[in-house]
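Each structure below is given as structure tokens.
Across the two complexes that follow, subunit A remains constant while its partner is subunit B and subsequently subunit C.
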Partner chain A sequence: MAKTPSQEAKTGWLLISPPAIYAVLLLAAPLATVLIYSVMTGGRGVVGLPFTLQNFTDLVQKPVYLSVMQRSLLVSLLVTLTTVVLAYPIAYFVSFHVSPSKKALWLFLITIPFWTSYVIRVSLWRTILGYNGIVDSSLIGLGLTDEPVNILSNGITSMIITLAHAYAPFAVLPIFVSLEKVDRSLLEAGQDLGESRLMTFIRVTLPLSMPGVIAAVLIVFIPTVGDYVTPELIGGGKVPLIANMIETQMLKLQNRPVGSAIAVAAMLVVGIVSVVFVLLNRRFIGGSK
Partner chain B sequence: MKRSPILGAYAVAYLLFLYGPILILPLFAFNDSRIVAFPLSGFTTQWFGEMWADANLRKALGNSLIIALSTATISTALGIFAARSSVRYRWPGKAVVMGMIMVPLVLPEMIVAMALLVVLLTIGVPLSIFTIILGHVLICMPFAVAILTSAFQSLDKSLEEAALDLGETQISTFQLIVLPLVMPGILSAFLITFTISIDEFIIANFLGKGDPILSVYIFGQFRFPAKVPSMLALGTLLVLFSICMLAIAEYFRRRGIAKTGGKDSGGFL
Partner chain C sequence: MTSEKPTMIEMRDVHKYYGDYHALRGINGTIRAGEFFSLLGPSGCGKTTLLRTIAGFEDISGGMIMIDGKNMAGVPANVRPTNMVFQSYAIFPHLTVAQNVGFGLRRDPRPKAEKQREVDEALEMVGLKGYGNRAAHALSGGQRQRVALARALILKPKVLLLDEPLSALDKKMREQMQMELIKLQRQVGITFILVTHDQEEALVMSDRIAVMFEGGIAQLADPETLYRRPNSRQVADFIGTMNFMPAKIVAETGDLVEVDSQGFGHVTLQGSQCMGTPGSNGSSIGFRPETLTILFENQQAVDRESMATVEEVVYYGDMTYYDVRIDGMTSPVRISMRNVFGRPVLDIGNRARVAWSPGALVLFR
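Now for the complex of A and B:
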């Protein structure tokens, strides 16, 4: 019943066409539209010619846009750093210190919070960190402070805590997968040759697990740049990030070219940061089996 | 196994951080005070009653269920096509097409939602529950494809070939052999996409026409301190529901792997 390659390709194409057509119509075409809108002129609901790069030069020159872009990038980078640094030890723990039969259970435990409503989790952080909220009332109850701390009033800190919590499983899983692939005999060899535990970790385990760390960084960094709910609920709209600025331009001001330009610029910046990061770490990728 | 008390303690602290907010839900959902702060003041089920008495909330729940059921059905069906095609057949351009289907996984959701919204408004499609479903299918499909790909991958090709040799047609082979074996994967994909859709906020918020949707409704209500306790009650139920769905999905996924004789390689992601 062996099929010729062309027949096989035909069947494959036939099968893939419904999801592929769906993705082309509802994803590729809209993204292309945004790309085209970003170099057009308009405002107040109208989009028209001529083509222009004005929208992009505005983004770089006007402090309103630039400060939001910088803040978004800063928040995302801090969230990524926090999340990945906190996630590494737990991934290491599950990979090296948990018996194989219990690993699946641990991973399941780590991923469950991710599957519960994002809006509810973010809103909960609001009640936890807010003025006279759970943190404040606990600290006062324990006699550690007299005044409410009101962490929520510091928008950036609260956003970092909330996002680091939300993206934790995304960071743990790829690091865990790469740690699982580390050949355990290499570690024994290192120690047999007189290296300390710590040096073995730094010189063998860490470099071999870098592909997972790189994946974790990208998986956390990319979506956090576009996060909408957290700045809206935690920052109370006072510390807008890129996603909120896109909303303002697209819907409130009805300026689709500028809104599109911000979206495109955000994707570009994310793309460039990701590529640079991967290039900086390229010696770690593909080096291990 | 090596024992490391420091790492062990860290792991426990990390789990507490992960579960902290979720544990707070039931604690304050049953707490007899409108103010969400320590010390706890007594046990009550008042907030659950208040929550259920809210007609808007019931309407939002109804809308969300319609959206989630439609989304799960369509994205799982499309996922079956994509997974079957990419696992079983070789065809040119696979990397590009599969990449395009999977890309919503890594694209900021706001950008997906805004791009879709701009196009819908430009061509004049009125926003409704239907447009929310369109958007949800787009972001749920990659999850369905990922789960179903691993289900189809653990399928032994020789079983199909045997059925074909014994005179079954392509279609009857798919019905008799392939479908039953990947059924656990299909159920698991359905449950996961259902859960994602019911929790999703950005698309539900921007692609709808203002009909109450559960996640959007919760987002709005949390702004009013007086409404927070009944939202915590609702949250408690939703989290319980999500965990049940996940546990069932995980059960089916494992049964699927056991059925096809594969090796368990961990969670969904």
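Now for the complex of A and C:
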């Protein structure tokens, strides 16, 4: 017996309802709440009417918000740059210089940092970078310096080191995948047509691996803008980023509308930066049709 | 005569090992300037390896390769006077057709407009005029191959290397490209080296062919010699169809060899018809299917004539292939006959008169 279209649709809805309910409750509803809160009037612990854009005007007018926002973007852009620049040679090495039978093992080794909790890894960096930590004692032991360097005291530098380490595998994998897709005969063709290995890399390999680089940029950039743990543990709360400011507004000051407005603004900024990169990506993937 | 042409490539005792695997086992040979040369052999015979050692993508383990009088030892691919058309064409997918063709002109000091004009000319030469702004990934197989050709020829190499360039095309397209390649080669006058496993393609296109088996050159000759006077059963078997019959050498006097064989009886062969070293055992005579003729009722044989029984008939339209057993033979031989008007196609079991000539036989010792 054939089912009527409406019966079929009903079955369909029934089938997707568990994940759909999950998505609505845990993703769409909180997001909508944040969006609505951001345009409401708030005070300590209260959220109320009327609807207003005052929260957003405050963000633009009060220098404290702007400076935190700028610092967050700066830190995540520097983290992204560092991570991708360091990840590319690793991905290149695994793709081009590791024998095919050992590639899986190498990728597995690259993911080892994930075996430890993120929070634990971040706090371990405190020990490594801190006053008389591993870096300091090594440098002093080698006689390179007499005074402890205490990198940890420089909040932004130590945050960049910590985050770049944490996100390295995320950057290595997409770049590796795009390098694997590069037809090796293209490299021979580049050399056959008179270019050195370096120039062949610049003119052939690099542009063909750009989709992977851009994917890596997005994968690292988006989560680091909103990272909360690292500034809290490494920066010691002294150099707060957006996430810390949202936390302060939401929990410490109990001002949900302002916290929501910051969150929405951060989402917008990340969205805009991501769209720019996706457009760049399309240029490399599609070629000119 | 082709022999007056100067030498372009000289290979002396070229060896190549991959670990324990001996891929090239002492290649010797000369490729002349301006000739269309083919490396022909079954897969795994080392023909592509040899081409890649000439291009500079593989180091040789022993021996020497000279191109235009210069030893190529230690000379990397990017400075060799060779360009390659890859089997996969290796068209850069992120560039346009014109950018692909002009890829090798980056370091050319001439002004941009002049280089652009040269790219346009190269595209016109391969029949892709006006395709310059197309994306390379949007081309068909045949068009990709033309781009690969233009991209290599624009650099005016001394030698153009073609690695099975036609194997990915369908039959019609392949035959068309064969003709175009021959014309192109005559037009530009550059030495072409073609790697192929297709004996027909090699015969059609080449001035000379090196037949390769198991890492060595079995025979290096022009197509006609290769077809009519293959120097071993292996070569004869690889190129076209050849019938073989066991034979016994009765006597050798000077340049003449007397042979006894099934069906053909006692024949005397010229020295040029005899391959292999004298005195070895287990000889056989070979002959091409078209060198035998089934005679019409009142047709007379030009040379010799034998009676035979038709055992199998394969009709091909323009041709009919007969497997006939000549009286006195223990196994049938294949004869190919053109189906001309008025000639009936014989049936299995028919008796037929077969004309043959000792001059068309080849003795393998």
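Heads up, the rule we're going with is that the second predicted complex is superposed on the first by the 269 of 289 C-alpha atoms of A that agree within 3 Å, B and C clash if a C-alpha of one lies under 4 Å from a C-alpha of the other, contacts with A are read in each partner's own complex, and residues count from 1 in each chain.
We take it that a contact is a pair of C-beta atoms (placed from the backbone, for glycine too) under 8 Å apart; a residue touches a chain by one contact, two chains touch by 3 or more.
In this text the structure is predicted, and so the values were computed from the model without any measurement.
Once the two complexes are overlaid through subunit A, subunit B and subunit C fit side by side, free of any clash as defined at the top of the document.
In the overlay built on the shared chain, the residue A:263 is in contact with subunit B alone; subunit C does not reach it. By the touch criterion stated above, A:194 is placed in contact with subunit C alone, subunit B being left untouched. In the superposed model, the angle subtended at the C-alpha centre of subunit A by the C-alpha centres of subunit B and subunit C comes to 90 degrees, rounded to the nearest 10. Using the contact criterion defined above for the overlaid structures, shared-chain residue A:208 touches subunit C, although it does not reach subunit B. Judged by the number of subunit A residues each one touches, B leads among subunit B and subunit C.
Minimum C-alpha separation, subunit B to subunit C, in the superposed model: 11 Å. Taken together, the two structures place no residue of subunit A in contact with subunit B in one case and with subunit C in the other. Of all the residues in subunit A, the ones that touch subunit C in their complex are 183, 185-186, 188-196, 199, 203-204, 207-208, 284, 287-289. Listing the residues of subunit C that touch subunit A in their complex gives 55, 57, 76-79, 82-84, 86-88, 90, 92-96, 103-104, 106-107, 133, 135-138, 151-152, 155.
On the subunit A side of its complex with subunit B, the touching residues are 1, 5, 8-13, 15-20, 22-24, 26-31, 33-34, 37, 86, 89-90, 92-94, 96-99, 103-104, 107-113, 115-121, 123-128, 132-134, 136-138, 141, 165, 168-170, 173, 176-177, 218-219, 222-223, 225-229, 233, 242-243, 246-247, 250-251, 256, 259-260, 263, 266-267, 270. Contact residues on subunit B toward subunit A in their complex (touch as defined above): 1-4, 7-8, 10-11, 14-15, 17-22, 24-25, 28, 35-39, 78-79, 81-82, 84-86, 88-92, 94, 97, 100-101, 103-104, 106-112, 114-119, 122, 134-135, 137-138, 141, 145, 161, 164-165, 195, 198-202, 206, 215, 218-219, 222, 228, 231, 235, 238-239, 242-243, 246, 250, 264, 266-269.
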